[in-house]
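What follows is a pair of complexes built around chain A, which joins chain B in one and chain C in the other.
Moving on to the complex of A and B:
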């Protein structure tokens, strides 16, 4: 509740200077703000009694609705009040606090309700649709972050695609290399003993250093290997970023493949061998089905990690949303940084939830019996 | 008939199994008994080539096992292990069907065989077919494990401590079940255990292993009466030897005419049970019946004399 007393939005003369704070009920005319404030207060109140999950969920949704309503009302109103064409409005501390509290309320309620994987998928889709609808409607367009977007629409679409290509492409490549390597490591203890330490060493290299290392390495390859430059291999750009991400991905993929395959009970593996299954049959019928959740968990780690790491690729010209983050840092333009960061967070969160659902669906034994 | 010929397995400097030669008759239960590290499990695992022998060979019905691909050989030999080794993600029916599926049986045939085996092990097919191993009790899991090993009517069944994880009461029932099913199917079984009690109870023949060597291979009564070495004597347990021996002899051997008081016992009960009945109720003789008809008595005196024969 106290968060309502913290400045809700801020208005600044231009995109660089710090803004002036505005309280929640002053962002627009009282008639426009009242429903929003009321919804937030009511939503928070509904969340107070413990043990009533549905009530708490409803409260959280109501509060979030009020929150965005205020934002949608406040942005154009504040901008109108400002006299300069360069004025910028953005959400302030109060908005962030309320968003955090209400989201926590929602996740808490959902955790208590423990919906099945399909229900969770539906919920995720609903949230994404609601978000898309708000963005599409243009009601938030006056906000500063969307003004940054408006001047970079083509670039933004390009960056998102590049980001996805980096994250998913490196995941796919790591999987193609990592699965067979993991299976081999699982079968041969000797190979496992030498491969896993090397991969975990790679994992400990700080990401900035890794991207830095790629520059001279691939630069040399590009200069000295005929034809390498023609397919885009050079010290900076997409190739080194992609390669670094693949290297980072190998340990989780290989490690979890080995752990997953080994998670089949020893007696079951011995019995499978004793009844005359070939090693391929054992892999396909026993070890893979039993290990799939662990293997998918490895892919989840890689995906979320790579979506985050791909931001740093912006630093070596790899493209992606990181480009905006670093441009923003150079220009001290917070909104530009957010234009890169927020979609990254949204992407990572969505992927994490989707992968969690897949992991649950991959469980080989029905839940009520295990 | 299974012929084990000079079978040897060496790990580095240690002789796990040292030139073991023995012959197992078709349709019998042979129990290999020994302490841990005696090489009994290695011996068993060399028969279906889960371990490759260093030297020597095994012949099943005259055919050497090394003449065949290991996984094809194993499909002809049932294999049941301690802790059952059921596949946790497959239903009971699918577990039992594992080997028939490998052999490419038709679906209706597999289904019929699964139901037949579940019934044989006193488990209602309709109730158990679609359950997962985690939903069964320890005794039920063990029975499914043995049923799975028997599914394709193998010519030989290898069992490695199959009852090791069961509590004593369930264990005794499982042993009785195995004996009954073996007589019903006429299977050839080789079973490994560290428990001499179990060996005497189940085996037509008992093979005692010590330090990789086969030290005695004989019928249970002979193992008890004439242990070949001190080690075998220790395994049998010198104190319990007379009682163990009496538990192998049916009342029918000592039936004589004459009166006896109290509750009657069937002729196929063991002398050990009759002795216990005498001691417990203070009688000197028990009446004996065969299929409910009185046929005579067995006296305390006669039991004592029978036990003394071996002293």
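Moving on to the complex of A and C:
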């Protein structure tokens, strides 16, 4: 593990700002940079000895602290040094590499420590709070990505809400359609044989093509069905994006519902039948509770997938964070791309971790005691 | 599966016609194009776009397979076992990164063109293949491994003659997942100026030309469905063979 980290150190510790790249210890006056550089070096050194998880975790946190300290000190100092009012400061490769290495260190330490679900929820909350505190404090405001944000504040909030509406709304719709369909498929093998292959074919259609194919379809519906346009069904915009996401969500929901219901041990099912439970009672009291972890896993897949796919909605006028990504790509404005991409990644990661915790909590009995 | 026997050749023919003779579909697409705009994409040949699209996917998947399988072999040997939990966590978390975001994040570092697309496809393709290969290599039937050791095969021979052939069907599932994702991501790659079939759809979206959107969407969709289906058939065939042999 140590061998993995060492080669990174030499390249990574060097520069922090792109354009004219600036070395880490030159971003501000030596007095200000020294604690940051020292913290990073010390943090990395603490991570080197394998087997000491707490030490490695502490090192990673210390290093991350140093990294952000440098960023906060460096940004205003460099801007002051630049004459032009349009000067932009942004983190460069060195920052990214260090961030990657330190996050890996932290993940590795956490994986080895294997915290329980509640501890993980606490950790996640702590990380999110720390992130929020750094963002709210305004210490990073001079960075270019936040200047990009400052000029689009209202739009940004709008886009995040729209993104969440797309991802969660389609998840809810897919669940409403998918659960009954899954239960039906579970009961009738014939139906399962024809529904699941169709859904998995839907899943393979590339997202851009799917969004594209929805446009003429919904455009036609909007033009020909009275009242459809009134509730917002049209060729471009929210409706086609939403429908495409629902279609993508059906396979994981239906497939995992079937797999989850089938995962109830035969003994439990037999016992329930022996007690004289009707098939509805068996479903509600035995098969659903026992299958819950698998069903929730399906919802996790859908949520993570939809948060990612909702970015593409930006291309067909569906709004969301994708709007910034594609605007940024058109204008070759890196910071605008990041403004769209980074929150998406953060959303996806957060919801993945939260769903993982829920899945673990839903597991009735730990395997080793059963 | 009887429907498949008729449907498959039909879809292949439809795809070939759409790519090679797009003008046949003029009456179908014409009503969808705005007044005076062309209904058939002619800015570059659909064949060359298809080839470059598939080439990108093939190159990225091939590279990803080689790297991911080597890594999986490494972490399942005693020497690399220490890396296994971390690498699994990375593979797991990495897959929650949206492919579009990977593509978008690659642009600032690599610029526009086929480069970032190839890198995004490669990086993203690694994860499912790696995950499936590790699963396959760690869940081999113990009896077969014992027998291989018993007849005196050394480590290399066991790897090449027993472990890899037995693990191959599951690895192939990973490769299929990765190909499907790569096909989709390559389509979006045209927003960063890679030459792929996404170009047709994007051109249609930018000029409000639904005919282009439909044309591009149909071709990409058909490619994806047919390739996915072909890989499933190969998997089923291999599974049957390893099961029988």
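By definition in this document, the second predicted complex is superposed on the first by the 344 of 370 C-alpha atoms of A that agree within 3 Å, B and C clash if a C-alpha of one lies under 4 Å from a C-alpha of the other, contacts with A are read in each partner's own complex, and residues count from 1 in each chain.
In the analysis below, contacts are C-beta pairs under 8 Å (C-beta built on N, C-alpha and C of every residue); 3 or more make two chains touch, one makes a residue touch a chain.
These numbers were taken from a predicted model, which means no experiment stands behind them.
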Who does A:284 touch here: chain B (first), chain C (second), both, or neither? neither
After the superposition on A, what does A:268 contact: first (chain B), second (chain C), both or neither? first
Touch test for A:325: chain B only (first), chain C only (second), both, or neither? second
Just chain B (first), just chain C (second), both, or neither: which does A:118 touch? neither
Answer with first, second, both or neither: which of chain B and chain C does A:172 touch in the superposed model? neither
Per the contact definition in the header, classify A:126: touching chain B only (first), chain C only (second), both, or neither. neither
Would you sort A:312 into first (chain B), second (chain C), both or neither based on which partner it touches? second
Quick check on the superposed pair: does A:161 touch chain B, chain C, both, or neither? Answer first, second, both or neither. neither
Contact breadth on chain A, by residue count: chain C or chain B: C
In the complex, the residues of chain B that touch chain A are 48, 50, 71-76, 78-79, 81-89, 98-99, 102, 131-132, 134-135, 145, 148-149, 158
Give every residue of chain A touching chain C within the complex, in rising order. 1, 4, 50, 93, 104, 107-108, 111-112, 201, 203-210, 212-213, 215-216, 219, 235, 304, 307-309, 311-312, 315-316, 322, 325-326, 328-329, 332, 334, 337-338, 340-341, 344-345, 348-349, 352
What part of chain A is in contact with chain B in the complex they form? 265, 267-268, 270-278, 281, 285-286, 289-290, 364-366, 369-370
Could you please specify the touching residues of chain C with respect to chain A in the complex? 32, 82-83, 85-86, 89-90, 93, 95-101, 104-105, 107-109, 112, 180, 183-184, 186-188, 191-192, 198, 201-202, 204-205, 210, 213-214, 216-218, 220-221, 224-225, 228-229
